[in-house]
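Have a look at this one.
Letters are used for the chains, namely A, B, C and D, taken in the order the chains are written, and counting of residues starts over at 1 for each.
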Amino acid sequence: MVSAFKTIGIFGRVKNSGVIETLKMLIAYLRSLNQNIIIDSEIADALEDITLKSVARADFGKHCQLMIVVGGDGSLLHAAHTIVEHQIPVLGINRGRLGFLTDILPTQLNKIKPILEGKYLLEKRFLLTARVQHEGKIIGQSDALNEVALIPDTLPHMNEFEIYIDDQFLCSQDSDGVIIATPTGSTAYALSGGGPILHPQLDAMVMVPMFPHTLTLRPIVIEGNHRITLVISPNNSATPRLSCDSQSIFNTPPGSTITIEKKPERLHLIHPLDYDYYETLRSKLHWGRKLQYTE
Amino acid sequence: MVSAFKTIGIFGRVKNSGVIETLKMLIAYLRSLNQNIIIDSEIADALEDITLKSVARADFGKHCQLMIVVGGDGSLLHAAHTIVEHQIPVLGINRGRLGFLTDILPTQLNKIKPILEGKYLLEKRFLLTARVQHEGKIIGQSDALNEVALIPDTLPHMNEFEIYIDDQFLCSQDSDGVIIATPTGSTAYALSGGGPILHPQLDAMVMVPMFPHTLTLRPIVIEGNHRITLVISPNNSATPRLSCDSQSIFNTPPGSTITIEKKPERLHLIHPLDYDYYETLRSKLHWGRKLQYTE
Amino acid sequence: MVSAFKTIGIFGRVKNSGVIETLKMLIAYLRSLNQNIIIDSEIADALEDITLKSVARADFGKHCQLMIVVGGDGSLLHAAHTIVEHQIPVLGINRGRLGFLTDILPTQLNKIKPILEGKYLLEKRFLLTARVQHEGKIIGQSDALNEVALIPDTLPHMNEFEIYIDDQFLCSQDSDGVIIATPTGSTAYALSGGGPILHPQLDAMVMVPMFPHTLTLRPIVIEGNHRITLVISPNNSATPRLSCDSQSIFNTPPGSTITIEKKPERLHLIHPLDYDYYETLRSKLHWGRKLQYTE
Amino acid sequence: MVSAFKTIGIFGRVKNSGVIETLKMLIAYLRSLNQNIIIDSEIADALEDITLKSVARADFGKHCQLMIVVGGDGSLLHAAHTIVEHQIPVLGINRGRLGFLTDILPTQLNKIKPILEGKYLLEKRFLLTARVQHEGKIIGQSDALNEVALIPDTLPHMNEFEIYIDDQFLCSQDSDGVIIATPTGSTAYALSGGGPILHPQLDAMVMVPMFPHTLTLRPIVIEGNHRITLVISPNNSATPRLSCDSQSIFNTPPGSTITIEKKPERLHLIHPLDYDYYETLRSKLHWGRKLQYTE
């Protein structure tokens, strides 16, 4: 077999014994296909008796052409943050049950071979970049594949802020905060908060108000090319925070400004050829199957 | 003044005395600008003492270059159905309070002059076309600017149907029905049903389940170029109906198929230059204004 | 065995072949316990080779001391309407999966023996009585175990009506209608419409607005002893309908008045001693089980 | 005039200049009625030129028979915590617009005279008591008139906990937390989170899940006499917090247990005789008024 990917980087959270087991199976499988593999030091430590080239996780992008993540959607989210600048495609193997992002099960490793042979679907998912500014200085910046969320600090009290779209005033809010989700994130935190599902190929974002004082505030879906600005009221009595995928978190003091816009680089997500997004939706959300009737 | 529109067609529901009053004011105003005007026979009857050229409403498209609708969003919706094939732009004058589509108040008729001089915003809104097929025959077809809704016949019981997107199975539902709304309709019936607001320039539709038996069914937003198909279960015990903007309604018997897709022609909506969609949202939904703080 | 119930009435919808099968098993089981049984003519016809005393369904109340319903919650609902005046207790055997009201599975018929021996939980569920009045005359009256619902006639348009609680004005609505549910019905249609779950022993009703034009209208829970009055606007352009458990349906013309209050008689529902309402909730709604952790 | 209340305690948040103005007007008004007045030291400092008996706020209960609160619902909430043990009735004067609890406007001080003459409505509202236990010790305890809320610490991640009602297992949750609200609190934070409105005289609590991972978790209403227990999973990776009316806040470490039950003492709330709860609802939530039609 001639692999479409010279070297494969492997990533997983080794605290979970199930993940280690699957990592071992995956490595054995890839070796049986004579595939070059790199791992990071954390995995190297966890898999003592396996000798593989070890590379700092931040450098994976320079040394591999495909990244395989073992774990849940959270692990893939984490991997996405390290790999997106390098535009290395990512494939997810889900421990447990089907994920939205990780769609190969440990019992289906044989689905990897056709992928290495170049038979796969490549799907590009966009990320958001959020930047917090206060008194003229940038005090926080990060990316988000799922969502940027303005959240309370320690009290479930009302945060007061304004929302602008491309510098045009949309509304002010008294609320716990707001979730700004990508289509990828629309089935994660935003869905719990009452947001709609956005088809992954839709070029759009959704803003979901969190516990708004004004009951008529509703999720609003806008094109992906808009720039959203949140202005924390200078009179706000608390310091809310900004969460990017629950991986980075920043203070957003009274008077600070948060800008959120699409990141130029996209995450390259790899799926087997039989990937069906709707099947994932049905499975994850317990939706109805095809009706059983005789025609 | 040289008008950008040679002839203007005027439309309104004359059963409402307020509408008649505004129609009279509008006609006087347009005459003062030496503007050609046509009306339909219904208005001609209602405005006995005014002599204007009368044309069948269905023929407005051949005789005018601009249509002005006096009334609420419902009247503009009605007008849109008659005019859309001809791509004649429409301007709405709202009796009562600001509407989503009709954004000039009777007290602001002077906003019309700059529009006639060519100073206006032209916004294109897409419509949906729905077609019902049963036993090989088309048994209903209509357009919708706001929404196509599958609704119960007489009982609040569950209708069983399948949903396909571009012939790919999405899910089956046991529910009262489903609303498929355009961005224009996202602030109408779909919003009452828990759907999100879609920005009017977003090329997308939203499907909102109505009273679904499966509680995890949520509004889903997809690109506007998809074709949605609903298949009524052959075992359905009732005959649900299909409503297009609540203006046309069709039976959808067990086993029938409904296809919904974007109509090639768009509605050309005219706004004054100071039109602000967000201001309309804030006003209609009682959202918060800019915060009052001293910086 | 000395049965606590001299004669048992058996009821089921015989159109469903699974129901017939379970009816046969049930009859054989009860005969093995030497229990007197009555059936109605419909079941008698369906079970040709079984000879049992047949009684009109409406007269079951006079001839039996226990009613066993085979079928889903809908069948039990139907039986409840015929039996409630006689205060005969009802036991439900659910074809398929666990129901909210029918909590014995066909594979668990042996759970019936202890019940006949008097070892059971008796739970009383209240019903509502709805009465429609127009121009001084009563034009409709029925009971509801689940809900009374004001629903649209043929268009998803807005119905305009007022709501009073004990003759005190609550609000007016422009909506598709309103659902007034008992605790029993709070997990049925009202839940699909966004209503809360009411604990079955709570003496309360919930009013759930259906697709209200005013987005701040929310489900409201009031004590069970209140009397709710709906007044259909004399200006309403359509004739909405009133559904009682989707079993009876009445026209409610413009100007008509609907009063809804608790029925004095309650449904006597029988459960096995191991009945657990919360387990039913978890099972039906796919809620989380006890956490698996080692302490 | 013989006052029904020998001495009146006055309370307000003096940081707000509008409150001070109304406090002055109120004191002048009460003095004109020869009413005994006590204030706390904070108000005494703010109203320099007015000499009144000053008493520690915590001791108001021993020295007055009526408490008048000037401010919003938040101020009355705060006062309720200090006064509830003494069963002193409370009257609220709302700065700004009508509140749910504070229903006299500064322009309506003359409504106070009939109240002092004993012409008023006395409404009892129940409170909740929450107690946090960890490793055998009580590590937090407080009352809540509105709601007890389990909330995240710093990340919008999922908290894992179990809910019991009277020691019977209800469900486990992966969510941001849960709000347990009284009828009084049902129109506050719980309403923003999608909970129903509970009539103030209903003896019930509502549990509203916050951003639950399981989408079928819904608000559930139970009788007021139940005891709710939350058990934080020993495996929880974070330490959520417990908020009582946003006035007290406690850590709830992994493995801790929170019990929530009705407090024996109730808040005695005083309203003018023309008080109408439904009018407050309509006004605060912008609901529809009586329909305008000619009968």
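Simple rule for what comes next: contacts are C-beta pairs under 8 Å (C-beta built on N, C-alpha and C of every residue); 3 or more make two chains touch, one makes a residue touch a chain.
Since this is a predicted model, take the numbers as computed values, not measurements.
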| item | value |
| --- | --- |
| Between A-C and B-C, the pair with more C-beta contacts | B-C |
| Identified repeat of the C-D interface (over half of residue pairs identical), from A-B, B-D or A-D | A-B |
| Gap in Å, rounded to a whole number, between the CA centres of chain C and chain A | 45 |
| Whole-Å gap between the CA centroids of chain A and chain B | 37 |
| Distance from the mean Cα position of chain C to that of chain B, given in whole angstrom | 40 |
| For chain D, residues that touch 2 or more chains besides their own | 191, 194, 215-216, 218, 285-286 |
| Chain D-touching residues of chain A, taken from the complex the two chains share | 149, 151-157, 175-176, 189, 191-194, 210-213, 215, 241, 243, 246, 249, 285 |
| Sites on chain C touched by chain A in the complex | 215-216, 218, 286 |
| Of chain A, residues touching chain B in the complex | 160, 162, 165, 168-174, 191, 194-199, 201-202, 204, 206, 214, 216-223, 233-235, 276, 278, 281-282, 285-291, 293, 295 |
